[in-house]
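Next up: the structures, one after another.
Paired with chain B in one complex and with chain C in the other, chain A is shared by the two complexes that follow.
So, the complex of A and B:
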């Protein structure tokens, strides 16, 4: 008796410690999120979950009872019944009623999710292999958002930070207390834009513009992280989404800053840059934007992504080199960088590629060359 | 030549030819069934090694063993090989062995086509696997090969993949036609439709599903081929095509395909549970109607795989409701199995253990399936590890456990010897524990927000990924024990009686063990 009490007590303690562990570090459940929609989806999820648990307890309960009681080794003799129309009706009708009970709240939530009308802010989101472009419609603000975790962290050469793989070089900023509509599309393959805490997940499909929306309540300002959710090629695992929700006043300030930055960049392209300055900037741009496909040392990857080292275009054909950066290569993963990089950055990365890793052409491409080429 | 002549002189005792040509030229349903089963086991191990490579890479965050590009090739090939190379051929192998014996026929209706439908497979999969060694690498766009990732942006090996899928499709359609022809024409006198054993019924319905949807798959890969090589734009938005059309076509094939992989499993379990409960199957006719209902519904639920592609609201609602309805006939099946066990006289030999595990774990997969059917919630589940957990629960402890259960159940009939019961139970417990350690934590990491098909993940997913990887290695290596048990049984073991199991019922158990080369040369009479 004593042993049994001790056993049951200790197993309860074990269960408790396991469940507290589960809460502490081992995420086991869906997030409740921060919006009304995400909350009702969470409630729906828990409702269905508990219904399933209840059914499971009954069905598996009967099974285990049978497995212990009706064993041949305990002298059970088999009954020979094999039919009951009443039972068949019963277990057709009862599940039907349960299903209808589930369908009602599910329909209600879905109808709400599909109502993207009366949005106060429109952001067009375009998926690229493997980054997101955010376009604030009517605000003249547009930028790309790339993974900022370093390749060295991925390859275990340096410590992984707290937000490993869920951090970007430029966050998308939205105001709280306003209905923000996302218009989601893609430039190449299918991606999916997903932020769990908003319960927003929508495929980004070339040729389609999908709608989704979020209204982050005032007081819930903060950083929300997500990831691409549709297999989109090699770096599918490396295109995170980071949203910063700010108050409406901060949002207006932020928009102004963006416009000012853009003007400053246009001015900067008219300045003069030394070879060393271009090489330094170029190396940064290369590591952030090019290395994922063309290799950290320009060695290329597989048959899809050509090497930079010893490439004929890189060594001999400046015009073609600039053209590829600005217009991309049709039908390949090489996209246009005209919108993604500033003139200075494009000039710098071309200069870098033509002089790094023993290419040593001595060519200098200036931002003015890029401005000319764009025309 | 001499052996053939000798065999012909010896009427009524046709033996197999000798040597390798026996297997190349055979038209015997048992030989072909055996080849199907060995082929699918080899594919199981091949796809299993790929799964272990995936799990080894995912053991810790960061890239350790392989590159993201190869990771994508592994997930793609693992899916294709397990679905088309392991599960489907295993069921065809079991059908080849058992359907003629269950309906009281001497062989399959179309024996030469039977030979051809098997021998296509090694070439189809050989070609698919060889792409791994090509410069472009193997297909890397997932087993669902969504366009345009699989067309405009695909490696050049995609053409071999398309040809391989065509070959597999031809093989499946021929196999299905053969099974339908056998069931329609070769039943013993007195065996009316509603007296057919459930494995025969479920395969009958499965065969129709195959005939209906494999041409759709062939159509969709042909459209890809045209887009890639002949300048069409079926799936290319820039040319006026529609990438979403691809998904509609793929899932119109893909959802019935899911039931193609589970209906025969229902049949197998519906034989094993009554046998070891020593009690007739509860609700036979409702089982048949439930199977037919599931098959019908499988054609009108495909877009529940596409809830996030931006379908109109009414479309979402329709597919949500239709999908939820599938829970009803599936529930009926589970309740019938439990009622069959109720007040039985149960023993727990290895086939029964696998069958009971099937009922419980498949039901868990069904629960998560019901959760996924709820469209609003699916926006959070879609393309996460929750989905991975769901379909592995229905396919591994679902379809695969049923196949393993069937092999243990019928092995004494096939080779005349009982398997080693202790080793069989050991295999069961290792598999049962391994499968749950592998796949249960995937529910958690999916709900916590880990997308599927990523080679590296954020740090909060690390612990459960490590657990899942450990489970995968336990499960994977315990299948080598299965191989050992089967080989040991073929070579030696306690002599099996014709009935094999105490509670066995059906024509196949009236034949001696091992079953003669030609099953029934005289049609038996069914009361």
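So, the complex of A and C:
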């Protein structure tokens, strides 16, 4: 009997030690984050967690003690009563006091989380299937942020990187030490912008603007990653968020660079491009922006995403092809790429689609054609 | 009925209100509250409960909200 008891106790001790190791390995608890708010939320979470643990220990402790102390083998006889007002008051009042004690700090934190006033930087975030658009209000800076993990990595044709499905082609940049307000909405279905380290998770709802904010402390410059947290379609897991928090001086420099890039892109559209140059750029744009829906080799996907190979529009109707890229197709999943791609990129991807996978039309669409079509 | 209501006394009235809100009441007290033709007593207890509940919520929300100044 003694050996069995020791074996049982040893097994329990082993399981407990394994679980604490596992906890350290897996990091099962929520992150403390980097902002004051995220720390408040973490503290609140731990406070409520320990209150629950204490309640659990007391309730189950009393229950097991009573079960053991008054067991049938000792001749215990059940008491027969149907009312104890004192006890009823106790189990009503004590939980009420505990709930109020938890609700007061929780409400204060919630109120703080919702106070997006007096922000120094305003960024409008728009969710798309399956990418994010960032507009720096009043700064003339706007761009799309797409997943940069290659499809080959997704389909196990190449090794997956450290930030697999958590990397983008263009990061959203924010300054540290300043209150940044996010105005979050959507262009199609409901998404959710979620960066755990900021304790920000807000739904992006079409036709509605949600607010949130973050103030990353000075000294916490770095990369913070997140994901869409609302099931939004087939590529829901392929629209990550990457935020780069930089010093205020670096932020000002970055803003200047963005404006300069925009001007350079406008100038580049006036240049001349060879067929090979357009095909090379087009292949890159296609792989990054089009392949997810239309297939890596233009084969399409079901009835929703038509193939590029042998398509009547691709082979015969260049005006319609340009129009679809610029304006999208109403009532379908095909978005407008007018704001997402530069004139050079649109011209290149159309040229590529009209000459790849055996389409071989020999058509060249130039950036000037796109400028004309936009007017 | 009116005599019964008037004779209720503030303390007993409050006891009934708090019992209704908390859902804790002895069988005797419950029978007392619902005994006879004291409909006015039941209605005033419920109204009193609603007023107390609103006041409690108001106080708690004001405690939680930040000072506007």
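Points to keep in mind about this one:
Simple rule for what comes next: the second predicted complex is superposed on the first by the 323 of 375 C-alpha atoms of A that agree within 3 Å, B and C clash if a C-alpha of one lies under 4 Å from a C-alpha of the other, contacts with A are read in each partner's own complex, and residues count from 1 in each chain.
The criterion applied here is as follows: contacts are C-beta pairs under 8 Å (C-beta built on N, C-alpha and C of every residue); 3 or more make two chains touch, one makes a residue touch a chain.
Every value quoted in this text rests on a predicted model; they were computed, and no experiment measured them.
In the overlay built on the shared chain, the residue A:92 is in contact with chain B and with chain C.
Of the two partner chains placed around the shared chain by superposition, chain B and chain C are both touched by A:83. Put chain B and chain C next to each other and count what each touches on chain A; the higher total goes to B. Contacts of A:107 after superposition on the shared chain: both chain B and chain C are touched. Once the two complexes are overlaid on the shared chain, A:290 sits clear of chain B and of chain C alike.
Residue contacts after overlaying the shared chain place A:278 against neither chain B nor chain C.
In the superposition on chain A, contact is made by A:166 with chain B only, not with chain C. Look at A:365: by the touch rule set out above, it reaches neither chain B nor chain C. Contact with neither chain B nor chain C is seen for A:341 once the two complexes are overlaid on the shared chain.
In the superposition on chain A, the residues of chain A contacted by chain B and by chain C overlap at 83, 88, 92, 103, 107, 111. Per the touch definition, chain B reaches chain A in the complex via residues 61-64, 68-69, 72, 135-137, 140-142, 146, 148-149, 152-153, 155-156, 237-238, 241-244, 277-286, 308-310, 313, 316-317, 320-321, 324-325, 327-328, 331-332, 334-335, 338-348, 356, 359-360, 363-364, 367, 370-371, 374-377, 379-380, 382-384, 444-445, 447-449, 451-461, 463-464, 503. Of all residues in chain A, those touching chain B in their complex are 25-31, 40-41, 44-45, 48-49, 52, 55-56, 59-60, 62-63, 66-67, 70-73, 76-84, 87-88, 91-92, 95-96, 99, 102-103, 106-107, 109-111, 113-114, 129, 153-156, 160, 162-166, 188-190, 192, 194, 196, 199-203, 205-208, 210-211, 226-238, 301-304, 331, 333. Note for the complex: chain C touches chain A at residues 22-27, 60, 63-66. Those residues of chain A that touch chain C in the shared complex are 83, 85, 88-89, 92-93, 100, 103-104, 107-108, 111-112, 115.
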